[in-house]
C-alpha cells in the first residue's frame, strides 16, 4: 500500500473528494478568467495533476492555489463534475497549514477607526472576516474586525460596505488610488 | 443632438470582459471622454466613488460587471447590485437622473457588447443634455486651499 | 434493404408500430399497428406525381430540417418499400394528389390504422439510437449561433443527395467556410449529460473531416478532442491518414464558443493540453459531434418487449460478454445500437449473430431451458383457497407467473429463468425451485454451522457475481478469513429471510448477504427484490439490537475479488472485536426471536425429512476429534 | 410630578439600588425652559432630578455607544429609541444582556420651536398633559393643543410602543398609520425632477456643517466620519454647495436599513433643515424590496448585509439594467 500523501490529504478534506476523477480535458482552464486576465501560468488542470503526482512544494507555491476565487465558472462546465474550486481550496488549506503565505494584497483593517459593526463580516463572500477583541493603542481592549489572510481573496467588498472606511484592500485598488484615478482625469490641474 | 462628447466614468470589474479584443479596446482605445477605472469587482465600488465621479464632473457613470450569477468573487456583484441600485434610485429621488448611471452585466459570451453599450450610453447622455442637479466640486490649488 | 424486401420469405412492414408482445419463446403473439399511409401499397408505383403537385411544405426530418418536404412524401429517396405517404397533420385536403395520381387511384383518404396480430417465433430488435441535442450546453451556443451545427446536419450538408446537393456552405450567409472546427465528445463522457463514451464519434468526425478535406483541400479543418479512440482494425491507420492530409488535431475540451455578432464567425476557447496554454481560434463554422443516446421511446419499447434497460437507457443484454445479442427474455434478440452505441461493422456483426440466434429458435421443435425453474405446490397456494395474494406474480422479473384469484398460481415454464424471487417472496412457502429447494439450502446451512457456529461467517452469494467474486479472491490469492462458509444461490432474490433467521438460530457469528450490483443483475430486477428484502432484514435486526456488522449486505461483482476479501476480513474484525461471552450472550438472547420466525419451516414439504437426514451428518462432524 | 415620572423614578431607583445596572440613562430637569436634558444617573440619590415629559427630545440610544460594551445600562426607551437600540445590538455595539430597557409608550415629542413660535421666549414653566400643553409665560398662560405641537416625525410615527423593553410603564398605545410616512415620500417622488432638485438644494445648501444631526443620531457612531477622512478626501469639508450636497446624500445613504425615523437629526438641526424625507425614502425602499424595517428585532441583519439572486426582480424593471 502507498504511504498517505498529498493526494490523500486533499481527498480527505471536504471538496477534495473527486480529485482523482479528473481526466485532464482542460475545460476548467479554458473557462477560467484568472488564466485569461491575470496569470497565464494559472492552470487548475495542471494543479490537480500536480497534486495527484504528489508534487507538494510545487503545488503549494503554484499561483493556481492562491488565485482561485471560487467563482465556480468551471464547475458547471466540468464533464466529470469535479468541484474544482473545492479541490483548490483544500490544497490551499493544506498549504496554509504548511506555512505558505498568500501573494495577494489582502484586506487591511484600520484598527483605530473600526467600530466592529460587523457589516464587513456579513458581506465577505469568503467568511474571512471575524470580529475579535484586541488590545489596541489608545483604544484599550475592544472588538474590531480581523481579516484571515488565508481566506481573503482581496475582492474589496468589505471596503465598499464599510461606512467608516476602516477596511479596504491595499495597493492598486485602495480607496486613495481609485479616487485619485477619478480626480486626475476630471481635474488634471488641481486635486479635488 | 449636439456634438458634445459627455464625460463618462467607466467602472469596470476586472473580470467581466472575456474576449481579449474587448479588453484590449477598453484598456487602450477608449475615446478621450471615457475614463476607465478598474476595480477588482463591482462589489468594490463604494457609492462614494460614484459620488466623487459625479461631483467631479462626470456626466454619466457606467458600471460593468459579470452576470450576477457568475461573479468572480462568488457574490460580489450581488452586494454591489443591492447597494448601487439603491444609491442610484436615491440619487434619482433628489433629482439626479438615474439614466446617467448605467449598469452593464456582461455574460462571458457577450463579445463586442461593451462598445455598443458605451456608444448607446453616450447617445443617451447627449440627449439628456448637461447634468445640473448636483454642485460640482472645486479643485484645490497646490497646497490644498480652495481657489 | 432492397434485396431483403425482394426475398419471398421476408415481409417488410414499414410505418408499423409494435403495440403488444405476449407469449414466450417460439410462441409470441405480437400486436402490430399498421399506420394509415393514405396511399394504397398495392397500387402506388412510387412515381412521385403526388409530391410534385402537393402545395404544402413542412420541414424535412430526414434532412435535419435543413430542407422542406411535401405533405405527400417518402421519408428518403432510398425508402423501401417505395410507397408514398401523406402527412395528415400537414395535409389541407386539396386533393391535387388524387388528381395527379389519376387512373392508378392509389390515394385513399379513407384509410385507417389497422391492428394486426401475428404469431411470431423469435424477435430481433434493431431500433437503433438517437442523437443528443446540444441545446442545453449553453457554452457551445447551438441554436443560438447560426454557424454552430451538429454532426447530423454536417452529414446532410456534405451529402450529394442532401439539401445543398453536396456543396458545403455555412448557414448564416451561404458562403463556403474556410476554417472549420469539429468538437468531439459533445454531451458524451460528460456526467452532466451522457456519462458513457459514444464509441464511434472519433471515427465519425475523422471521416467527416477527411471527406471535407478531400472535396475542398484548401479548407482548414481542426478536430478538438479529449482522447482519440480508434480501437478497431484499420481505424488507427485511417486516423493517421487524416493527420497526413493536414487535418489539425487539438487535444483539449473547448470550454466555450463565442460569436462575433457581425460576421457570425466563431471563436473556440480551449486549453491546448499539449502546450498547457489556453488558445483561442477563429472559425467560420463549428460542428458539434454529439453523443449517441437511446431512442426517445426506448422506455416504452422496453416495457412493450419486457426487456430491461442498462444504465443510460440502452436495452440490456443477457450477458455483456457471453451473450451480447440475446435479451434476458428467451426468443428476443438485439441487433445494433439499440443495445449500446456501436459503429457500422459492429452493428452488422451483431445483426448477423442475432439472426443466427433467432434462426435457432425457428428451426427447433423443442426448446431447452435451464433446469432451475420454479414450481408451485397448488395445495399450499392461498389463491387456490380463494384468497387474494399475487405476490409471486408481482415479484417475477420475467412475468412468468400466471396468477388469477381463485386458482393456484402457475409458472409458465418457458418463461421462467430460475432466479428464485417468487420462491423466497412467497409468504406461504407454496413455491419451490429445482436445485435450490428450501430443504437443500437449509441442510447446507445446518451442516456448515454444525461446529462452533459462533466463529463462523455464513456468506450467501449469488451465482453470477459475488460467487464469482469469491472465486476471484481465491484464484488471485487474496487472503481472507478461513471462518467464511459460503452458500451459492442463483440470485440475491432467492435469499429467503428464513435462511438468515435459521443461521442466527443455529448461532452463526455473522451473515453476509451478497449479490450483484443493481445494474449487473442477471435476472433483470432480481437484485432489486433481494436488496429490498436485505433492507427489511437490516431494520429488523437493528430493532432486535443486534451488534452492527453481524449482518452485512454487500453488492460485489465477479471482478471485485479484492472487495470480497476485504468485506470478509472486516466482518472477521467485527467478530474479533467482540468479547466471546458477549457474542454468545447475544446469540442466546436472539435465539428465541429467530425460532419464533421459523415456526412454519418444518411444514414445507421435504424440509423436515432433509433436516432429519442432515442431523446424521451433523452428528458425524461433532463426533470428530476437536469438535465441541 | 406625573404618575409616569414617579414610576420611572422608582424603577430606576430599584435598578441602581439592587446593583442591576451601572448607569441609568434618562432625562433630567432642564436648565433652559422646554429643554429637558439627557442625564446619566449612577447614584440613586441623583434621581430626584429625573424628569420625563413630551419635551424630552433626544434619542437616548445615541448614548449607548459611548459606554464600553461591558457596562450594564438601564435606559429609558420610547418606541423609536427601542428600535434604535435593537439596530445597535444587530451591529454589535452592545449586548442585549447588558441592557435593561425601561419602556414607555410614547405620546410623541413636542417640538419646542413650535411652542416658542406661539408663546414667545419668556417662559416660566409648563405642564404636559394628555391633550394639552399648558405653558406659563411671563404675561399669559397658554393652553396649546398637544397634537399640533408634535414634531413631524412623531406625527407620522408608526410604532409608538417599545418592542422589546424589559418593563413597560403605562398602557400600550395604538399603532400609528404607516401610510403617512409613505405618503410623504410618495408626494415628494411625484414632484418634477426640477422641483425635487430645487428642494434638495435649498435644504442642503443652508447647512452650516455643524454636524449636530450626526451627533444626535444614534446610528452615527463611527470613530471617524467619512467627511473627516483625509486619504482620500471624500468631499469638500466647507459649506460649499458640493460639500453640503455630498454630506446630505451620504449621511442619509449610510442610514439605509438602519434609520428608525426618530427624527432626532431634524430636531437637533439649528438651521431647521429637513432630513427625514431622505432617510424615509430609503426606509420605504428597504420595506418595499426586502420587507425590512430597521430595529424591529435585534437579530435580523439589514438588507445591505445580505443579497440574493432574486434582487433583480425589483431592479431590472427600471430599464436601466441592460
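We just call them A, B, C and D in the order they show up, numbering each chain from 1.
Operating definition for what follows: contacts are C-beta pairs under 8 Å (C-beta built on N, C-alpha and C of every residue); 3 or more make two chains touch, one makes a residue touch a chain.
Worth saying up front: this structure is predicted, and the values here are computed from it rather than measured.
Trainee: Tally the contacting C-beta pairs at the B-D interface and at the A-D interface, and name the larger one.
Mentor: So, comparing the two chain pairs, more contacts are at B-D.
Trainee: From the Cα centroids, identify the chain that ends up most central relative to all protein Cα atoms.
Mentor: A
Trainee: With centres defined by CA atoms only, which chain is the most remote from subunit B?
Mentor: The most distant chain relative to subunit B turns out to be C.
Trainee: In whole angstrom, what separates the CA-based centres of subunit B and subunit D?
Mentor: Between these chains, centre-to-centre, one finds 35 Å.
Trainee: With chain centres taken as the means of their Cα atoms, state the distance from subunit C to subunit D in Å.
Mentor: About 72 Å, centre to centre.
Trainee: Taking the mean of the C-alpha atoms as each chain's centre, how many Å separate subunit A from subunit D?
Mentor: That pair's centroid distance is 41 Å.
Trainee: In whole angstrom, what separates the CA-based centres of subunit A and subunit C?
Mentor: 46
Trainee: Two or more other chains touching the same residue: where does that happen in subunit A?
Mentor: 36, 123, 161, 175, 179, 192
Trainee: What residues in subunit D touch two or more of the other chains?
Mentor: Expected reply: 226, 234, 304, 307.
Trainee: By the touch rule stated above, which residues of subunit B touch at least two different other chains?
Mentor: Residue numbers touching two or more other chains: 18, 20, 47-48, 52, 75, 79, 83, 108, 137.
Trainee: Each pair of chains that touch: what are they?
Mentor: In this structure, the chains touch in these pairs: A-B, A-C, A-D, B-C, B-D.
Trainee: Per the contact definition, I'd like the list of subunit A residues that touch subunit B in the complex.
Mentor: Residues 33, 36-38, 69-73, 123, 125-126, 153-157, 159-161, 169, 173, 175, 178-179, 181-183, 185-187, 189-192.
Trainee: Using the touch definition from the top, list the residues of subunit A that touch subunit C in their complex.
Mentor: These residues of subunit A touch subunit C: 23-32, 35-36, 40, 43, 45-46, 74, 76-77, 79-81.
Trainee: Once bound in the complex, which stretches of subunit B touch subunit A?
Mentor: It comes out as residues 7, 9, 14-15, 18, 20, 23, 35, 37-41, 43-49, 52-53, 56-58, 70-76, 79-80, 83, 108, 137, 139-142, 144, 147.
Trainee: Across the complex, what residues on subunit C touch subunit B?
Mentor: Residue positions touching the partner: 139, 141, 256-262, 267, 280.
Trainee: Using the touch definition up top, name the residues of subunit B that touch subunit D in the complex.
Mentor: Where subunit B meets subunit D, its residues are 47-48, 51-52, 55, 68-69, 75, 78-79, 81-83, 85-91, 93-99, 101-105, 117, 132-138, 146.
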